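Think of it as A, B, C and D in the order they're written, each chain with its own count starting at 1.
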Amino acid sequence: MPEKLGIGFVPSPELVKAWDTAIQPDGRGLPPGKGCVTDGQRIYVEQCQVCHGISGKGGQYDVLAGRLAENLFPFAAESGHPKTIGNYWPWATTLFDYIRRSMPLLTPGTLSDNDVYALSAYLLHLNELLPESACLDAASLPQIEMPANKRFVPDNRLETSAVR
Amino acid sequence: MPEKLGIGFVPSPELVKAWDTAIQPDGRGLPPGKGCVTDGQRIYVEQCQVCHGISGKGGQYDVLAGRLAENLFPFAAESGHPKTIGNYWPWATTLFDYIRRSMPLLTPGTLSDNDVYALSAYLLHLNELLPESACLDAASLPQIEMPANKRFVPDNRLETSAVR
Amino acid sequence: SRRRFLQATATGAGVVLAGQKATADVRRVGPWASQYGERSPFDKVNRTISGNLQHESETPQQALSGMITPSSLHYERHHAGVPTIRPEEHKLLIHGMVEEPKVFTLHDLLRFPQASRICFLECAGNGKHHFKSDEKTTPQRLCGLISQSEWSGVSLSSLLREVGVKKSGSWLLAEGSDACLLTRSIPMERALDDVLIAYAQNGEAVRPEQGYPLRLIVPGCEGSMNVKWLRRLEVSDQPFMTREETAKYSDPLKDGTVRQFSFVMDAKSIITQPAYPLQIEKGWHEIRGLAWSGRGQVAGVEVSDDNGSSWHQAQLQSPVLDKSCVRFGLLWKWDGKERLLTSRVIDSTGYTQPSARELIAIRGKQSLRYHNNTMTTWRVQSDGQVFYQRMD
Amino acid sequence: SRRRFLQATATGAGVVLAGQKATADVRRVGPWASQYGERSPFDKVNRTISGNLQHESETPQQALSGMITPSSLHYERHHAGVPTIRPEEHKLLIHGMVEEPKVFTLHDLLRFPQASRICFLECAGNGKHHFKSDEKTTPQRLCGLISQSEWSGVSLSSLLREVGVKKSGSWLLAEGSDACLLTRSIPMERALDDVLIAYAQNGEAVRPEQGYPLRLIVPGCEGSMNVKWLRRLEVSDQPFMTREETAKYSDPLKDGTVRQFSFVMDAKSIITQPAYPLQIEKGWHEIRGLAWSGRGQVAGVEVSDDNGSSWHQAQLQSPVLDKSCVRFGLLWKWDGKERLLTSRVIDSTGYTQPSARELIAIRGKQSLRYHNNTMTTWRVQSDGQVFYQRMD
């Protein structure tokens, strides 16, 4: 088989730009723009609360807010503790990436990048990770230290045939 | 695995009798009854001719009658020679068995055993294998010598990897 | 198609610049889960119905991939149409030269050990259009009467043990419950080997046109041996000489004999792509096709682009199974010159697929109405159009 | 059912004495061939739809045979429903840390060498109902999120060679074109191994709910890695930490860590028959079920009818393939006493499926919302009724 078959086309720069939207944990991919907690709260109440509840709790779908004491991480053994952004998510960049690509559930793609910064800021605020006065942009979002980050470890099962 | 699992039922004699209708080349399976060429002609004209043509030729479906000279058997190489009962079928019992189970095409199962004897006799007559006065029953049908019978040989391909 | 692609990009096709207001990129959720899925409305690949009674349908080989044929596209050959059978009323009777005749319901059969195997079924008449077709003929038409499924059910040998075959029992009659009560004789040696009473096809119940609820599966053997809507097996001491093994499916030979019970399907292969009606562009392509043998396993497939002067070993997709179809492929660069593409298969017994001329010389052209396993050739014209090339 | 059988015979059911007038035995021909077949109207086996958005459907394991799941019954898990995609508009973009980004149409992909493989797909959440279900629970509910198809398409490695992955490229992002643009990261080592870009499922085009027209197939890895409606692959030097590999599909462990990228599905098996809601009679049965491992091949399956005190080696149907489901069976005589039936699989790496108690002790019960591969137990009561027996 030759190195290359010469099948397929070089994509237009427009196509790559339109689709190249994934955000990486170091912040690569984050767009220009900015959004603040207070704007985020307004958008959240309008567009998200119906599914995720007041202040990110008690909605029909995923619980988004809630912290636990620093040394509490009961998710393996006990039930009744929802995993939230504040107590379980390892990276803040995931929040921007996921909201922009997937939310609101029925009309993803309707939020502007500023809206997404604002919603990310508000949800981080609800999780006690940002003050009410905070704003976020491409520089500041990746800086946020997520409480659960240190807990994430790569898969270690395949090193052995024992059950892990 | 044990010899028998004891699954399934012994069939009722009625079921076996109703289904045990296949005819073997030595005549086993042939039912009581009798039918003659002249009756067969009448039934054929009524029920078969529409598909197989007058006297078993020229219909829309399979050609049933026609002989070739004794030493002519051109079916491998030449086209235009229909295979008929008289020139190709090796056993007369097949005729009874097939007509009773499968014909007439749209209403198989409507013929009486006497009808089937009669139709077999008529088709053999059309193929110059029975005189017009003949009748057939379980004893006489298997006696008929079919011209092509001697030509049939078992598969010999699998003895070799050569193409045969 | 570069042009079409650029157009699609220019006119949007759901794609916009990721700007500050991305509202044009709204994506709406689709329907959620369903009970029994259907194919895409854009997938129009179908069987072609043929025969003066519409009694056959051909599998669209050129549009399929891998080795499993979707059950909905498995070829059909009927002698009296498709019966409607209520599964709770269906019975299988085994009788004749046995110690104890038995009748089995579907419920009974499910209690026996289940066996499954992937194998092809091929109509003895697959290939009957070879010498009658013009250049505008597709793989589907030339070779649409072969398909492959995973069949699951009970080993016939398990059931024969249950009834106890008498010493004299050397042949078996299989009877369907379609309107014509189709019958075929099977040698006992074969019946005790790898024959299945299948109640499932590709995981679910056998499809109606394939014999629902029970089909006899005789791997590697011509389609009509694989009796559909199976209701009865009768053990005897001789073959029954049914119409389908005397008047039909037998092979008149040039020496004036008729070969009978030639039900094992010889090895065959066909290139399914490129083939009529494709038009190809210059450059790299995979020549792909199907190969199988009723005698055993596919050992290798060779492809020629110069009418058989030189042959190139094709890749076989895996797994390669006994009496099972395999998809082969050969990466090939088309230079824009006229080419004659052919494939030939060699099986695990050493049998090599013959050319049309070779088999005609051995058997006679009219004999090949059944059991025509000759090579198929495609002509790639210099404009890239591909046509069927008769070689008789 | 002996009674039902005798009744059916008595009332005729199309059967009459073969007398001189057999007119009651008239059999009418059925419909002839069709373009795209459907299953029998008497076959009512369906997926069960579940989830508060109806975003899942479960494969009816107890009603299926062999190892291929019919495409219409392949389990579903959607995050934004099933998009409607016109095949001629669909494109696959490969970009990022590559020498030359490329976009491929379906027509382009068909020119590459085709690869096919039979492998299972299993949702990481298969088994999430184990510890919440009562005794009236079916195999479909407990284990309906695994199915198996033959997938055909292009090796991802062929496409990556075409674009030229840069030295720094160590991870790959795969993105779907459903409304939520679902994304997952895949290590480059794995991407270059046995990953397929599938355009076909069981021979025909991938089904809409399975990703029509393109699905990424990562054999042995959790369902959501096998990105449906695939439109984009981006090469990078680190994982993207998408929501589906951080907030979801990760495993919190008892030591306070979270195991991430645990996408290889550990070995699992389940008895699918006898199971709730069957009632069995005394005598011989085949205990049947499914076994698989994302780590490699199934090496063996053992079955116990006494709650794990003794184990019996089950038969495996063939072929047994890498990262592929296999149906197992054990012939078993039920004596009318209460029995606890369990199965466990051992794979080619030596990994043995754990009991519920064992895995709970190692990982914690709440962790097993994902990646619960524990054994399943069925209780056969003395009246023959079979119930699910929770073992946590």
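The criterion applied here is as follows: contacts are C-beta pairs under 8 Å (C-beta built on N, C-alpha and C of every residue); 3 or more make two chains touch, one makes a residue touch a chain.
According to UniProt, the chain labels map to these proteins: A, B = Cytochrome c.
Values in this document were obtained by computation on a predicted structure and should not be read as measured data.
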Can you list every chain in contact with both subunit A (Cytochrome c) and subunit C?
D
Distance-maximising chain from subunit C - centres being C-alpha averages
A
Whole-Å gap separating subunit C and subunit D, where each centre is the average of the chain's CA atoms
26
Where subunit B (Cytochrome c) and subunit D are represented by their mean Cα positions, the distance between them in whole Å
50
Distance between chain centroids, defined by C-alpha means - subunit A (Cytochrome c), subunit D (Å)
29
Please compute the C-alpha centroid of subunit A (Cytochrome c), do the same for subunit B (Cytochrome c), then give the distance between them in whole Å.
77
Flagged in subunit C as touching 2+ other chains are 5, 27-29, 80, 91, 103, 105, 111-113, 179-181, 283-284, 331
Indicate the residues of subunit A (Cytochrome c) shared as contacts by at least two other chains.
1, 5, 7, 9, 15, 19-21, 105, 108-109
Going by the touch definition at the top, which pairs of chains touch each other?
A-C, A-D, B-C, B-D, C-D
Provide the residue numbers of subunit B (Cytochrome c) that touch subunit D in the complex, in ascending order.
1-2, 5-7, 9, 12, 14-15, 17-21, 31-33, 105-114
Note: in the complex, subunit B (Cytochrome c) contacts subunit C through residues 1, 3-5, 7-11, 15-16, 19-26, 60-61, 73-79, 83, 85, 88-91, 93-94, 97-98, 101-102, 105, 108-109, 148, 151-158, 161-164
Provide the residue numbers of subunit D that touch subunit C in the complex, in ascending order.
1, 4-5, 8, 13, 27-43, 45-51, 53-57, 63-74, 76, 78, 80-89, 91, 103, 105, 107, 110-118, 150-153, 178-181, 199-200, 202-205, 207-210, 212-213, 273, 283-286, 288, 315, 317-319, 321, 327, 329, 331
Which residues of subunit C touch subunit B (Cytochrome c) in their complex?
52, 79-80, 91, 93, 95, 100-105, 108, 111-113, 161-162, 164, 173, 175, 179-183, 231-232, 234, 236, 238-243, 246-247, 250-254, 256-264, 266, 295, 349-352, 354, 358-359, 362-367
Partner subunit B (Cytochrome c), residues of subunit D touching it in the complex
2, 5-6, 9, 15-23, 25-29, 283-284, 331
